[in-house]
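Shared between the two complexes below is subunit A, which has subunit B as its partner in the first and subunit C in the second.
After this line comes the complex of A and B, so read on.
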């Protein structure tokens, strides 16, 4: 066939007409939209009636009231509870993300037993009988004191039940993870005698002098601190933040005073010296050692010397001291970052001494010396012979840090069995490798945990715990809050997995052991126990969800004992000989230890903190030559070396490197683990003698281009 | 009887001096609106955050550095002259995003969106996000999803809706109780209720009894210096982002610091001094 012009045009036009009329084009467009929008795979949440359950969050010591929105009985959103005496409506990001913890990929769904390197599922009955068997052996060997226990907190019925279990079993070896609360209790004990704790009336104070306390980095009861901070403008109150780095608290403060890391106690004592020199103190309640203390600070903490050590101009120190002493309602607050790890008793005491000097104890806007809340009354413990001998024994170690050191040093196991409740020392302690080694020397470790975290991984048996949304627990206020509130966390959902409350697990275990141990735990359930031991407040607690025990300044003025500081205990120095100092940074968007950060919260973390799987460290551009912003670097400390990315930050002192806390988890959760570095891996412990605290806030370091 | 049917203009004013950068608003938004998450969320360009908190610095070196956090939801622009032609609405070929004249809310209808992303290019505030992947929740986690907001799928754009579903719920409740109007506290966005510092004030900019109106004091007249700009704040401490573009956002910011207010736009040298004391038509009276 001959293709002439006519037939060519005809064919061409026909083809065009065909394409236009044909449904193929439309079909392809339609298909492409179907393929780009996969509707059938997208979940359709079930609708239903809306209801609200009130409870208390216990993810951190803040213990905020929460309101959980449920749809057809299914919790869908957590919000702050309006009118709750601690947070009154606000909430932090971790609490709001709390529902993610229910279905966390690292949640422990059933009891587990370690078999070789792996965990295998067992039933609750098996887990209890297995543990009871081991414990019975320990008792039969006449060494009940070789059962030790680590809990996350001091207050509330759960730690008290662990204590009761140990007492009934015959062991004095109960240890608590360091917390702001435990540090404050120790400070109160040193200056005012045992049985007290300290609260800071931040919402009324007109001059807050913070020694690195991260008031908006998660220090204390975070939401309560946020609120006090936000109301500062209206109250015309001032916040002075002393810190090596422009933290969010420092950025929000009226004045940021950069200080050489680790010299906070020197500054506090230097300010004491100025106040004493100018005779601006109120000595009416000084009990002992004041004269010696006054002479000591004048001699050892003279203005010029302190200015030199801290890197602050003498004039500025003097001005700050006079402002503080002359303010109407001043308060000084200790505890760098969240005030948990890396703190020393010297620093806490030195800072709190400022409150004692200016006479704002138990006054509005000052520091409250609050008697430790005793709302619990357990029936008297019944002890058999073994328990009485065991309980009479000395504690194995003077502190939890001492315990770790002794475990690591001993040739034969000094502890036969260890309970760990809701704590993650294998992550949060300095040089956690050392803690893991110590754990390996314990023949039998039982973890009471909701998540398979670094410490739970070291356990031989795991009792899976309810999260705060599934269980019941009394949560007394703590951590520097100037009010005394007992909250009740109540289940808003039935346990999603085969988990229990710690109290219920202990009751089962005690009953399996039999004898007097069982007699001490004759409750049908933890809920029954709670009702019995909270006595007269139970009705109010269970009806209202909380009891406001006291508010406002406590009555009377406590005595102040200066003996401890008057001996001028040594200031803890950062370990190592390098020129720079690496300091840990507490970031509100990351959690401390337990639980690890949630996917939502991690999503909010800046790419100047974490990029991909690389951690980013903060450094002032003038600190080291040859580094590039956003470039790679090698960070070396006496404990380890890691590859990091660099973020040039004008808000950090030259000579200081900042690395965030809360990253570098190694357990199995692809959303939050294996991202960045655990800063504790780079820091070695420096134990303060006497208090037994690991006071290493950072370590000497060097950084070079990688 | 016919009630006063004057339209609402929902908006917010964010006090940057109170904002601590804590991130509660971001997480509250994600939890409220079924925002998904994936393994790596550190690439911020594809990390879906309807509410994003930016960090601003004054650019000075140690120790004069200052830092402020700026939460940025969708700005819900009223468009040039306040006529509802917001940048994204103007370019959307599918009417997947639209301006609601009764509330001032810029909507996003996921089922209409076919993923051309013109709106993302048009938005001067980077408030819009594209779903490059299907959302996937770890096993069991779908159980916390809220039925009030549809989970999105791959291939569509999403953004802040000013928690429109909360407005609907509040209206339904008011209707059930026989009321025509909702109260200020009945409709609050998830970010505003979550903020522990009370930095976010949300309400109706058209309603003089609402706190947001009282802080912002929106100018009822167009800006004499730029006729495209309407609703400029007459509060000297309040500003909007890239205000001179005439996008007329309903998200206002408040700061005592001049450098922060200056950071709200890209000023040429000397330009700021000319505009910094200009606060709407009132300053020309």
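After this line comes the complex of A and C, so read on.
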């Protein structure tokens, strides 16, 4: 027998036939189909018991109640908490995307120390001892007032702890980032005296006169405002929106009144003049300066003059004034966009004066004058001589902007160390380059931050902070809400990284400093501190997760002092000589300050706002000849020039260019950064005398085909 | 008939002559070819049947041995440890927390396995990384509640077999391609089953649904 070609053919055919009739083919087909439908490298969420934890969101001043769905102890979804007095089950897109912040690429995972241009990881013990060493040097140099601090808010125990730390250390230099709440407090202080804030009863008002407030674009407590706006039709309530562009709020309003940018205070005072002229005001609670004010507005804000300045017909202003004054429960609300940046005290006061004139203070559907922070009782501060001398000195500056200007002007460092808590002035202030330069003139900057953002990048030491899902914090309602609710944000997950609550970091730091500073922080943890300082409400707060301190109109009628406005403070003018005006636009889908927008929320932004990595500006087609819709253009202001895309929009007044706020981050986050332009890079600060606020509502600009 | 057709016809005739007619030596070649065919067929067929499963599955031991009999004698039934939660979801493998309702880091009995459990898992508060014989791919939705409650509740045994009567944990045979247990396809590589619990493939679900409800079900009922 000879083994030939046929033998091998037989062998091959036999092998094939053997495999075909064996189970191999069937089984491998089945297995490969399962494999391809369940790629082993695709993560599969862990299965387990489903539970819900209630907490409070503090991503924005809205402080909504949230219910966090967890599987096997891991948070997987955030929903609005039904029955919560602020949002009653509602939630905004930033809140529901809040889980992304836990695993954000820019999260700071351990304490960091700057070494040259880079950060190196250190332990908490090293970070605390390093900072304590620097602070001890400052105290030993007998200049404790040279420690300054910037916090993001005015209300709650955390800002109070920073204040307590500074006082015990010996410094009066605590500064707060501008917010709707701080602007309202300043307004309340100007018109009604210190220690108050203002709430607007939007859900009951029958006529809301909004001076650019983005009621459905993130103003105030956003979800509460959405709900009040949604119920407007049922309640037969009217909304008149005064602003230069047809925003979502304006489109949703009963009437949109386009106004020249920056003339809102003129219009408010013009309406005051009409109300006074027609004797439609209630003078029962006027305290001082009213006569002078009445004469001033009649003279300076006569109808024709205001109409000319604002670009609104005199008849329309008069009609609006009469409607407002004759409404049963009218309320006027200040604060363009989110009411945070670029606001002036004159404008806030002028708008709130409308509420004062028509006598709707502390009445249903009107404006409520409410006390602040009255639920906290800290033990009296213990001060040594250095602290008493230092803390008793004058503050270095009236505001952060003023501090930045003074730092830039001084030859030697006027601040030796700076704490920054949860704030990003190196991004959110006008012309942030100057803030970064000023920070470089401070020898030691400590950042208390969850994210390595533009400001944290400027720090020498970073204390990594818990996010709102990992820590405990009392969060009082704020930002124009007409209810007083104290919420408790509680940990729904153990810290994902080596992070702490700001209160705990301060306690450790104070104890490392020793002496009287440590005596003021003799708590084992921030949770213990919170329990002690909220003593009266702690039981209810810890059991229920919130305490509704007051709802409905407060008792009594507050007095109104017209002195500030009666001097007719100057109206802010936009910087520059160009013909057009660039204004920032607050968009609900983006955030303004800290934290930066989440990857999820950024994906929801329209391509009329951001296309690819290019920012799109709104401009009326009649404004400039030669531009093309969707085309490229060069936008120039006295501060800078950028390439932009153009969106022709007939809903923006001719002569005005709108650019969204909240883009153009430059820190290390591949999902969010380097997309579009930071509008603040194009706007210079315009400081309002008296208030110290940066009241730059925009800037003069020109635009040409690129 | 054209020249080309003639050529083709001749060509094929030639080929056929070589293959089938011709001299008797070629028959021997064919005979050897058949033998080779048979041998290769048998080797491959038997390998596919007997050797292939051994290569396809890797054997992995459970972290420690678990005695179902011992536990059911103590707690009475399956539902004590494998229960439906209040919201209708199924607890599946008991968590360490459930085990610790009875166990502590001091062993209750004298078995070596309990000692491992107490020392390695209870004392260190670590979940036991059990291999789950009945784990299905994530692309399948399955509700235990829909099957074991209601008018015609199914017995655990119908799908999981007499696992409650086991005193030892058998090795977990993991499919090297899919990562799932051999018990899903079934021990029989041909996919033949004697009992309802021998296989847990989609066709088995469909067959039972067809029998019980008159319809095998729609794709999106399970593949949501």
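Things worth noting here:
Just so we're on the same page, the second predicted complex is superposed on the first by the 667 of 706 C-alpha atoms of A that agree within 3 Å, B and C clash if a C-alpha of one lies under 4 Å from a C-alpha of the other, contacts with A are read in each partner's own complex, and residues count from 1 in each chain.
One rule holds in what follows: a residue touches a chain if its C-beta (ideal position, glycine included) is under 8 Å from a C-beta of that chain, and two chains touch if they have at least 3 such contacts.
Worth saying up front: this structure is predicted, and the values here are computed from it rather than measured.
In the overlay built on the shared chain, the residue A:22 is in contact with subunit C alone; subunit B does not reach it.
Once the two complexes are overlaid on the shared chain, A:572 sits clear of subunit B and of subunit C alike.
Contacts of A:30 after superposition: subunit C is touched, whereas subunit B is not reached.
Legend: residue contacts after superposition of the two complexes on their common chain; A:8 is shown touching subunit C, with no touch to subunit B.
When the shared chain is aligned, subunit B comes close enough to touch A:603, but subunit C does not.
After overlaying the two complexes on the shared chain, residue contacts for A:122 are found with neither subunit B nor subunit C. The partner of subunit A that touches more of its residues, comparing subunit B with subunit C, is B. Contact with subunit C, but none with subunit B, is seen for A:49 once the two complexes are overlaid on the shared chain.
Looking at subunit A, you'll find residues 37-38, 44, 47-48, 50 touch subunit B in one structure and subunit C in the other.
Looking at the complex, you find that subunit C touches subunit A at residues 28-49, 52, 56, 85, 87, 89, 91-92, 95, 137-139, 175, 177-180, 185, 189-191. By the touch criterion given at the top, residues 1-4, 6-19, 21-24, 26-28, 30-32, 34-35, 37-38, 40, 44, 47-50 of subunit A touch subunit C in their complex. Residues of subunit A that touch subunit B in their complex: 33, 36-39, 41-48, 50, 71, 74-80, 87, 89-94, 96-97, 99-100, 102-105, 216, 222-223, 226-227, 229-230, 233, 246, 248-249, 251-252, 256, 258, 496, 588-589, 599-608, 610-612, 620, 622, 650-654, 670-671, 675. Contact residues of subunit B toward subunit A in the complex are 17-18, 20-24, 26-28, 30-32, 34, 37, 39-44, 47, 49, 53, 55, 57, 60-63, 65-69, 111, 114-115, 134-135, 137-147, 150-156, 169, 190, 193-199.
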